[in-house]
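In the two complexes below, chain A is the common chain; its partner is chain B in one and chain C in the other.
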Partner chain A sequence: MLTADIWSPIRLTLELAAITTVLLLVVGTPIAWWLAQSTSRWKEIVATIVALPLVLPPTVLGFYLLIVLGPDGLGGLFGGLVGLRTFAFTFEGLVFGSVLYSMPFVVQPIRNAFEAIGERPLEVAATLRASPGDRFLSVAVPLAKPGFLTGAVLGFAHTVGEFGVILMIGGNIPGETKVLSVAIYDFVETLRWREAHILSLGMLVFSFIVILTVSMLTRRSGQRTF
Partner chain B sequence: MLRILAGPLSAVVLVCATPDVARSDTTNVAVAANFTDAASEIAAAFANAGDHEAVLSFGATGQLYAQIAQGAPFEVFLAADDERPTRAVEEGYGVPGSVFTYAIGRLVLYSGEAGVVTGPETLEAGTFDRIAIANPDTAPYGVAAVETMRALDVYDALKSRIVQGQNIGQAYQFVETGNAEVGFVALGQVSQAETGSRWIVPRDLYAPIRQDAVLLKTGEANPAAAAFVAFLKGDEAAAIIEKYGYAIDR
Partner chain C sequence: MQTSAQSIMVNLEGRLGSFMLDVAFQAPMRGITALFGPSGCGKTTILRSVAGLRHIPGAIAIGTDVWQNSRSFRPPHERPVGYVFQEPSLFPHLSVRRNLVYGRDRAAGSSGAIRFDDVVDLLGLSHLVDRDPAHLSGGERQRVSIGRALLSQPRLLLMDEPLSALDRMAKDEILPYFEALHANLSIPVLLVTHDIAEVERLADHLVVLKDGRVVHASPLNEALTDPNLPFGRSRDFAAVLAGTVTRVDPDGLAAIDVFGTEILAIGDGLDVNQTVRVRIVASDVSLARDRATQSSILNLVPARIVGIDPMGAAEANVRLSLATDGSAHFVARVSRRSVASLDLRADDRVVAQIKSVSLAATR
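Moving on, here comes the complex of A and B:
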C-alpha cells in the first residue's frame, strides 16, 4: 500500500532531522552555555541572531541560502573540495539550512535549563575544586538534562516540519532533497489526495505526540516551553 | 503629538482614498508562470485601454488548477497547456465555449553565462552538474523538457542531474542564481534578456505547448473579466505576446 513515493520522503526527512538535531546539540550547547553564563554586552545581540529564524519568513532564509550556498558563495569556495559547484540541491545543503532554521528551538530550552540551575551548584562544585570543564560536564549538563531533551525533541520536530526553506533550495530531487512536507505539497498539487492524506495524517499524529512529549518533559522539570 | 501626525496621516488617508474615487472594476487572473512577463505587460496595457484592471496571480498550471478546483477566487485562467482549461469546463469550473489558445509556447535551453549553451550537443556532452526543469507533474514546460531530452536520447544520462522548480519561474531562478548551469525555460522568460546563451529547441522535439485560456464561472458575471478576455484576443495583446517569443494561433 505504501509505495516508494511515500517511503523515500519519510526516510529522507527522518535522516535530515536526526543529523540536524545531533549537529545542533553539538553546536548549540556551547552557545546556550555562553548565553546563560556570559555578562558580555554582545550577549543579547548573539541571542537575537540565534532567535531570528523564529521571526523571519522562511523565504528570506531560503533566498539568502540559495545565494550563499551557490557558486558565488560557499559552493564556489568549498564545493570544489567535494566535487560540487553548489550546495543547493544537495542533502548537505539542506542540513546546513536546517541547522540555521531550527537553531532557536534547540538553543533556547538548553539556555533556559542552564539558567535555571543558578549559580549555587556551580559554586559548590568550585569550592570542591572541580575544574570549569568538570563543573560543566558533571554538574551543569546533568542538571540541564530536561532542557537537552526538550531541545532535541523540538529541534527534530521543527526540522521535520520544515517546508519553505527546502522548497526554495531543494530542487525537489527524490531521495536527496524531496522531504515529507514537499512531497505532501506535490501530492496535493497533482490531486493525489490519497497519498497526501496518508502523509498528512502521519504528520498530525507525529506532531501531537511531540508536543505532548515536550509538555510532559517540561512539567516534570518545572520549566514551561509552551 | 496629534499635530505632528496630522500631516503624514492626512497624506496616508489621501493615498488610500484615491483608488476608491477612481475605482475601476477588477478581475483576478490566474497566470501560468512562464507567461509572467507578457501577462504583466498585457495587464498594464489593459489598464490603460479602459476602466478595468486585471490582478494577476502566478503559479504552475497544475497548482493553479488545484486552487481553482478548491474555490480560489480567480475569474480567468491562463494555463500553460490545452488540457486543464478544457478540464475546467468539463468539471464545471469554466464557462463552456470560452476556451481559446492565446499563445503557443517555445521551449529554450538556457544558461546565464555566454557560450555555455550552443545546441543539442550541450545536452549530449553533459558537461554540467545540474540542469533545471519545471516540475513535469504540474508544469507543461517540464513535460516538454522531459520530452526533448527523451527525443535526443539523453534523458537517462541526465536524469540524476535534474533539479525541479515548482514552476518554470523557479527553474529559471535556479539558472539565474548559477545554482544550475543550464535549464529548460520558456522563451517568453528569456526573450527580453540580452546576456546568457540559449538554444531554442526545435518544435519537432516536443509536443506543441498550446497555452489555452478559459473564462471561469466565477467571472461570468464580471464585465472586467469579459473585457480582459476580449483584450487578450485583440491585436494589442497579440503584439505583446509575439514580442515575448510566443506564436499565435490564428
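Moving on, here comes the complex of A and C:
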C-alpha cells in the first residue's frame, strides 16, 4: 500500500509546479516579448540574467535565495506584513524560488516563438488599425501558441524535478516543503527502497512523456525550442 | 510645399544608414499614382513612411488631414490606409473570412462604406471565404490581402509591388481585378513598382524616383513621352493615351476617340462609351508626308511634330501630338535617314501610320 508518505509529496509537487507554471506564464510572457522586440542594449544583459539558472549550481541560487527570503532579507520585510518572520522554509518561498529557477525554460521558448513571427504580421495588423496591445493579443500570442505550450510543459516539468534549490530554501518539512525529489532522497537515506523505486520510476515515465510532448509540439510548429 | 485639399502630399528628408531619402511630391486624390524606379531608389521606404511604419522626418498629408509634420506623428494604426504588401502576409491563424474582417472590425467609426459582400464580389472571393489561408494559391492570397486592406475602410491604398511575388499566370489572373478596383472605387492608390508594363496598364500618374530623389512627377503619358526621362530609349517603348470607345463595327473593329482623333483597334469585348488605354508602340509608328491612298495600315492619323530626339547613331524618336492643342503625345521610332530624306522638323504636320494599336487596359 502506498502511504501518505508518498502521496503528500506528489500532491505538493504538482501544486508547486502548477502554481509556478501559471506565475511564469504571467511574468515570463512580458519578459519574452520585451526580449523579442527590444533593441535596447540592456537586452542581452537581461537575457543573461534570465538564463543564469541554466548554468548556476542550484545550491548557489538556493544560497542567495535563502538570504533574500530570510528574516534579514526581503522575506523578513514582506513576511512581517503577513505575520511571518521569514519566507524561507515555507511553500510560498518555494514558489518564489521555483519561478526564478524555471524562468529560462519558459521565457526562452516563448521568446523564440515571438521572434519567429517576424515583423510583418505585426505591421500588417498595425495597418489594419490594431493598436499595440491589440496586435499583441490578436496576432502575436496566437501565432506564438506553440512556444507557450512548450514553455508551460518545460516549466512545469523542470519545477517537478527541482532538488538543490528546494533543499537549500525549503528544507524537508512534510506537507509544506517536502516535494518529490526531496522525498526520494529521504527514502533512500532511510533505506525505504520500495518507496524510492515507486517515485523514481514515476518520475522516469513522467520525464519521458514530457520530452516526447515537447518534441512533438516543436515539430508540429516547425520552431526550434532552444 | 502647399497642402492642398485635393492632393496627397509627401515631403520627406532623412537618412537611413548610408541611404539619403529626400523626396517631395504631390499625388492626385484619385486614380493610381505609381512610384516607379529601380530597386533601392527609396520607393518602399516612402510607402512605409506614408503608412507610419517608418518615421522619417518630414510632412505627410492626405488632403487637409495631416498625418505627420515636424510636431506630430500619427502612429500606423491611426492612419486610415490599406497596405498591400509584396507578399500577401495573411494571418495564418485566421480563416480567410476572419482575415478579411480583421481591419473592418477595427476601423474607427466604420460607416461601412466598403461592404464585405461588394469586396468579395469585386475580387472573386466568394468560394474562398471559409477556407484556411494555407490552402490558397499565391494569386488568391494576394486577392484576399487586397480585400482585407479595402475592408479596413482606407482613405488611401498603398501597394508595394503587389504583383511581383506572383508568377506570370497568377499575375494575369489578378490584373483584371486591379482594373476592376480602379474602375469601381474612388480611393486613391500609391503603387510601388519597377515594372513598366504594370505602369502602362494601371497608373494614371507617375512619380519617377532615383537614388532617394524624385526625378519626375506628372500624369502618366507626359512622363512616358518626356525626352528627359529614359523611357523612350527602350526597344518596346510605348505611349499610353486614354480614349473612349465610340463605335464597335460589325467587322470587329472598334472606333476609339483619342483626344478628338479616331483610332481603330480590335474591338473584342469592348462596349460603346467604355474608357480604354490605347498603347502605341513607338516602333510600330511610321511617318509620311501625305496620306497613302492604298495601305493595309488602318490608322493613318494626322499629327504634328513636337520634337525630334536622336536615339543612337541611326535612329530618332519623333515626338508627335495628336491633339490640336499640342497635347496627347506619342512617339514614332524612325531612322535618322528617314528624318533627313523627309526633312522632318518640329511643327511640321505629318501623317502617322500606326501599324497596330493595342489596348493596355480596359476599364
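General remarks:
Definition applied: the second predicted complex is superposed on the first by the 225 of 226 C-alpha atoms of A that agree within 3 Å, B and C clash if a C-alpha of one lies under 4 Å from a C-alpha of the other, contacts with A are read in each partner's own complex, and residues count from 1 in each chain.
Note that in this section a contact is a pair of C-beta atoms (placed from the backbone, for glycine too) under 8 Å apart; a residue touches a chain by one contact, two chains touch by 3 or more.
This is a predicted model, so every value here is computed, not measured.
On the superposed chain A, the two partners chain B and chain C both fit, without a clash.
When the shared chain is aligned, chain C comes close enough to touch A:V139, but chain B does not. When both complexes are overlaid on chain A, the residue A:L66 reaches chain B alone and has no touch with chain C.
When the shared chain is aligned, no partner comes close enough to touch A:T48: not chain B, not chain C. Once the two complexes are laid over each other on the shared chain, residue contacts for A:S38 go to neither chain B nor chain C.
Contacts of A:A130 after superposition: chain C is touched, whereas chain B is not reached.
No C-alpha atom of chain B lies closer than 40 Å to any C-alpha atom of chain C in the overlay.
In the superposition on chain A, no residue of chain A contacts both chain B and chain C.
On chain B, the positions that touch chain A within their shared complex are 60, 62-63, 66, 69, 129-130, 132, 135, 137-138, 162-166, 170, 173-174, 177-181.
Of all residues in chain A, only 120-121, 123-132, 134-135, 138-139, 142-143, 145 touch chain C in the complex they form. Contact residues on chain C toward chain A in their complex (touch as defined above): 51-53, 75-83, 85, 87, 89, 91-93, 102-103, 106-108, 148-149, 152, 158.
Within the complex, the chain A residues that touch chain B are 66-67, 69-72, 75, 84-86, 88-89, 167-168, 171-173, 186, 188-191.
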